[in-house]
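Look at the two complexes coming up: subunit A is in both, with subunit B in one and subunit C in the other.
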Partner chain A sequence: MRRRNAVVAATAAGVLALVAAGCGGGGNSSSSGVQGASHSLVQSGGKKGGTITVLSNGDVDHLDPGAAYYQFTYAITYVTQRPLLAYKPNSIQPTPDLAASMPTVSKDGKTVTVHIRHGIKFSPPVNREVTSADVKYAIERGFDAAVGNGYAGAYFGVIKGAPTKIGNTVPSISGIQTPNKYTIIFKLAKPSGIFVSALQEPLTAPVPAEYARKFDQGKSSSYGDHQVATGPYMVQNNAAGKITGYTPGRQIVLVRNPNWNPKTSWRPAYADKILFKEGFDPTVATKQILNGEADVNGDFPPPAAQLKSITSNSSQKGQLEFTPTPGSRFVALNTQKPPFNNKYVRMAVAYVLDRNSMRLTRGGAIDGDIATHFISPDFGSHGFNQAGGFGFNPFPSKNNSGDVAKAQAMLKKAGFKSGKYSGPQVTQVADNSPPGSNTAAVVANSLAKIGMKVKTISVQHSAMYTRFCGVPKNAPNICPNVGWIADFHEPQADLDANFNGKNILPANNVNWSQLNDPKINALMEKAKVELNSEKRWSEWGQIDKLITESAAAIPWIWEKSPTLYSTKVTHASELWNGGEPDVSFMSVK
Partner chain B sequence: MGAYIVRRVLWAILLLLVVSFLTFVIFNVFPSADPAALRAGRNATPALVEQIRRNLGLDKPFYTQYWNYLKGLVEHFNLGYSYYNSESVKSEIFSRLPATASVAVGGFIVWMLIGIPVGIVSAIRPRSILDRVMMGGSLVAISAPVYFLGLVSLFLFAKGTGQLQWFGAAGSYVPITQNPGTWFDSLILPWLTLAAAFAAFYARMTRGNLIETMHEDYIRTARAKGLRESRVITKHGLRAALTPIVTMAGMDIGLLLGGAILTEIVFNVPGVGRYAYLAIVNSDLPAIQGTVLFGAFFIVFANLAVDILYAFLDPRVTYG
Partner chain C sequence: MSAVREEEQLHREGAADFVAIEIVGRTPWQLFWVRFRKDRVAFVALGFIVLLILVAILAGPITSVLGHPPNAQYPNKLDLFGTPTGPSSGFLFGVDQIGRDVFSRVLYGAQVSLEVALIATAVSVSIGVVLGMVAGYFRGWVDTLISRLIDVTLAFPILLLALGIASACSLGNGCVAGLVHPGLGTVIVAIVVINWTYIGRIIRGQVLSLREKEFIEAARAGGARSRTIIFREILPNLVAPIVVYSTLIIPQNILLEAALSYLGVGIQPPRASWGQMLADATSIYSTAWWYFAFPGGALLLTVLAFNLLGDGVRDALDPRTTT
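And now, the complex of A and B:
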């Protein structure tokens, strides 16, 4: 799961709250793609030259492609680096980037072969042609704690010889073979239905070992400050390779990579320079974009009042696009201890939750659709439709405001004869600031309708995850503020970590419900090795249904991200990356 | 005086030690985030989280972590490395210090230039229309939050976003060495915004002190001796009335040198205050620790400077 900016998470809240009234209803009118009146993706014929200015509130997490794991950072990583696969802006279908063609998978699913393009060169000072050995080194260094890649184990741990113990050295992985300069072969310990999709992660972007190894020494790699590029742009550097275009928290300057050959790439790369200016208050930044002083927002949504004003202004609303995010927010119920180890009590909660009011705490309909299961609409045929699409809702209620009668019926089945919960008080650990704190209050109020008293412990959002909900021995009964964004549009990336009993960990646990249902676990293990994508997506769709019906967690919103463009540039929102702008497809008009 | 200064410096060092210890305790005892888990990400394996924990030294007992921190600080003046992005905290703070100093010192000059004259005028014409207007205005300025005032000033007077595009926009700050004109232009609105509440407060303080002083016996004596009123005010009244203002000014400039957080956030001035804000948001202990220590350093030493200055301003004060 890629990270979203903590500052923005807090800001966005209040943001959209005001807009709700203006946008009305709680209907489920939806779309699975980028929405915006003037969506005008320019794949050819854009104007060459000029500078595109992106404004952000926060900073990137890491410039190093081996460590980057944040939506906003990816907007930079993917135009400076070339992973084996990548995405065109309005797509969720991986496309060969460094790879010359889509990978081939052996019949037994244990061998994946990728041929890489000829003639791709590293930026100065390395300047030489990229080879398959550079991809091998890039992935291997992901298992070095000094680089600290957050997903190498999850997606690349299936490669034969991948280390299970992590140290401060770059391991040699026997299952990554490079028979020649342009071929890389992955030998897997077992088939993996998502391995090919995972090749779009920036960890597969080549890193020249002879240049990077000295920076990878010690406890913390400094390759990010000296990185070389393969994409159309590079972070400005000096002759020795030291990055000069990055001032943490202030700005990142991308300039053209002189060694990039457009014939090897499908990125048009119109602009000569991309300027990421950081540290902006969202209100001020939105105004600057509307006034044409800057071109697009990077890591924050336009604040509420301005969003309302923009959507109601006929000359401005075309500047705005909404992109669904691949994931959902949900309320996790701890299935390992009373009262939520009883399925009927959980189902009572699922019925009584006022999901419409919960959504209002984040801004209402403009923030997204009410989620009725986990796989989000942007997955489309990749599992969303198979899970029943918008039609699947096992816990319906009028206006999604909760159904007390049905909840009471469930409580009776759970043994509470009066239909009211009469057990001990339950505890929830929630955010200590809006919107999360408001969402938690709605949860508590909803549960009060069935007699369930909730004690709320309020902490910082990151502490909620890393000290309470993510540590089973400290986990409360309810985690009302959790959510997940899939790394790519494979349902496994959306569901496995959160609901597979095998993934319950003593710390950094993301199976917040601690769901450990043998039937669901078995179905997941089967789906994970299914190589036929249609079958796989269908299986995950069924799994999604089972998880939702178990009420171990109650999904309540599929969010959308607003991206605001100035009138001076063309639009290119990344559907695969929660609406981040793809600056390599944008052009100055 | 020399012995006094040495004694105060030693106390200041002890105070900084206490501040750093308290910051450590607060971060470790209260439920803040786990930096290793944050750094590793939510999809990371337990093995990676544990190795990062070891790399950051978080696997060691609390007192060992604190001892290592102190050792680095004393031996190498090393404030540690950010948990969030591994950047050197010392480098980050020092690179941001000129921006913070620009905001703080400029703001200080503006509020002193406005606050004290307004206070004097109000004090010598108490209950006049001018006094009421100025004190009413100062009440408004004190009440307006910096965040609100900053946004309003940007939307009224900043280039790019304002109705009247007079002054530098948010994010337009450049170091004075790069372009003095742009530097000055970019800081006009931050200075005015920061100075508004301070100037108002200083005006009210000056007014109150001066009115009180002007009723002292020695003022009556001065008048009886036939001194001109202007001389009575400047020579005898102001000197006594301004002594507490100097104390306040020293404290405030010290506080702001540690980071004018809200002003830097609204106007996107890349200073220490903004860094402190991001450090808190990211549960980045080394950065929090560094900025707190830095702020404490300025406050403690500004206090010391004020105490020394006191001896020159007020002949009754002596240090043994």
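And now, the complex of A and C:
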């Protein structure tokens, strides 16, 4: 689960998901009345030179490509590092980047072979050609606690010989083999439908062991402050390799990587310099982009009031682009204790929730489509269609504003003869700031319609996860402000962590409903090892339906994230990365 | 008419004048009322407060006549972007960020403000008066203990202390073994813990001088017990400072409640409180002026009214001091 845009994360969804898919067409989405410019195609024929300025509210999580796990950081990682695979703007289909061609998978699904390009060199001071051993070291160091990678176990734990736990040294993994300088072979313990997709994670970007090893010693790796690049840009550094272009919380300066050969890369890399300026108030930053002092927003969405004025201003409207995000926000009901251990009570909640009002708390239709199940529209044929697309809605209501009569019918089935809930009051733990706090207020109001009194405990968004919703022993009945973004467009990345009973953890749990349905668990394990992508997506589509019908969690929005460009630059938003700008495709006009 | 007789005449007229002025016996409270009535500002403030109390008591009936309960949502009153709409004929004060009627919520907010104002003030004054009298009357180690406790409490930044107490009691089932529940109870406890000290210190000072007066010595000589002296002899002489001080800390308490609710540790949603409404309004102030203007105006007027009333009461009880 990759972290979502800071401002968004601070308020609502949280974490994100994983999985991979290697394929796919691009299901762009759909609908919604109010819109800015639709997701545009990248303009070609940009002009070389100039500086692009990106504004952000917060900082990157880690500069180290082995530790980075945050949408905004990925906007920097992918233009400075070359993982085996990467995405072009507007595509959810990975493309070979460091790899020379798409990986080949053996028939039994247990051997994945990748050939890497010749002639790719590390930036100064390393300056030598990249070999397959550098990729092996990069992945191995992900299992060292000093690096602190967040997904190595989830995606690469399936490799033979991979540690089952993160340890205190860089392990040697027998299942990663490098028969020659340009070939890397992964031997898997069992087939994995998402392994190829996971090769687009920055963890596969090469790291030179002879140079990095000394920085990886000790409790916390300092390779991030000495990193070398393989992409078109690098974080500014000095002759010894020490990073000079990063002032935490202030700015990050990217300059051209002198050792990058444009012939080996599909990135046009028009601009000479990229400036990431941090610590901006979203309102101020939005104004600066509108008046041309900066070029694009990094980690925050422009505030709702400004979105409203921009979309209703015909000359500014075209500067705004909305990108669907691969995930959904939902209300998680605790299935392990009363009253929501009763399926019919949960279904009553699913019927009565006023999802229209909930969406209005985040800006209305401009913020996305009302979600009726979990796999989001941008997955398209990778699971969204298989789950019934926009047509699957087991708990319909007029205008999506809730159906009290149907909810009462469910309560009667649950044993409340009057159709009104008469059990003890339920508790929800919610954000203490808007928009999450407003969403929670709508939830409480909706439940009041069926007689369910809700006590709201308001805490900071992060505490909501770390102290309450993510700790089963402290979990309230309702977590109204949770959400998930998949790391890539494979439904496993969207559903497994959130709803597989095997993934319930005593802390940092993300199966917030604590759903542990043997039938669903078994279907998931089966779908994970399915190598035929069509079959796999269709199985996950069925799983999505089952989870939605169980009402363990009630999805309510498939979000779109707004990216605002100045009039001086061309647009390039990453469809795979929730609308982060791809600065290697943007050019100064 | 001789000059002498004229003088007599004058004397007689003077006497008649003197007789014409009736000597009326007035209790201190009558004197207070006479003076207070002349203070027009304070009188208007009192009128406003009476009106506010009526509104708070009748909030239920009023909103049900309007048909807009405080927690009902009217999504139609939000535009396509979820932005609330302003005052209109059905919604006098507009709607808030999730489409609730601001007018109804301001009325219900008055309930919270007044409840806190009256309960927290009454409790903190009671505690402060008792401890202040005990400290001032007994002196010695009792005085040292209570006075140092007051000093220590006053050494804390008020808002931070209140915030700490309220945060500790705002999660889960509250604090002090579940006796203090999040919400109104927490706010009152936080206010009382801080506010008893001010009145405690003032009362202690008054008692220190009162206890040396002859009538106290007489009572003591007559064999009266300490408790009798404190409550029967000293307390009645403290009524004026108690009344004055109470009216002056009411507005402080209302503001403290608003501040705590603003910071999210006071009144818990969905109950309406002015402070919480102001907090919600900060994120949309540029598009929804009515959402901070009406609760903010209500808070301003209420605090102002209590302050003016307090000033008036003080002037009327103690005309020697002027402001």
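By our rule, the second predicted complex is superposed on the first by the 550 of 589 C-alpha atoms of A that agree within 3 Å, B and C clash if a C-alpha of one lies under 4 Å from a C-alpha of the other, contacts with A are read in each partner's own complex, and residues count from 1 in each chain.
Following the convention adopted for this analysis, contacts are C-beta pairs under 8 Å (C-beta built on N, C-alpha and C of every residue); 3 or more make two chains touch, one makes a residue touch a chain.
Predicted, not measured: the structure shown is a model, and the values here were computed from it.
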Quick check on the subunit A-based superposition: subunit B and subunit C, clash or fit? fit
If we overlay the two complexes on their shared chain A, which of subunit B and subunit C does A:505 touch? Say first, second, both or neither. first
Per the contact definition in the header, classify A:86: touching subunit B only (first), subunit C only (second), both, or neither. neither
The chain contacting more residues of subunit A, comparing subunit B with subunit C, is B
Which of subunit B and subunit C A:450 touches, first, second, both or neither: neither
With both complexes superposed on chain A, which partner does A:116 reach: first (subunit B), second (subunit C), both or neither? neither
Taking the superposition on A as described, I'd like to know which of subunit B and subunit C A:438 touches: first, second, both or neither. second
One more residue to check, A:459. First (subunit B), second (subunit C), both or neither? both
Return first, second, both or neither, reflecting whether A:284 touches subunit B, subunit C, both chains, or no partner chain. first
Once both complexes are placed on the shared chain, angle at subunit A toward subunit B and subunit C, C-alpha, multiple of 10 degrees: 40
After superposition on chain A, the shortest CA separation from subunit B to subunit C (Å): 7
Please report the subunit A residues shared by its interface with subunit B and its interface with subunit C. 459
Subunit B - residues contacting subunit A, complex: 31-34, 37-52, 55, 81, 84-87, 92, 151, 154-155, 160-161, 169-171, 265-266, 268, 270, 274-275, 278, 281-283
Over in the complex, which subunit A residues touch subunit C? Could you list them? 33-34, 304-305, 307-308, 354, 356-357, 359-366, 401, 432-434, 437-438, 440-442, 444-445, 448, 455-459
In the complex of these two chains, what residues of subunit C are touching subunit A? 71-73, 75, 78-83, 97-99, 170-172, 182, 264, 268-270, 280, 283-284, 286-287
Contact residues on subunit A for subunit B in the complex? 1, 3, 6-7, 10, 55, 58-59, 61-62, 69, 145-146, 148-154, 157, 164-168, 219-220, 222, 247-250, 277, 279-281, 283-284, 287-288, 291, 293, 459-460, 462-463, 465-468, 470, 487, 497, 505-508, 510
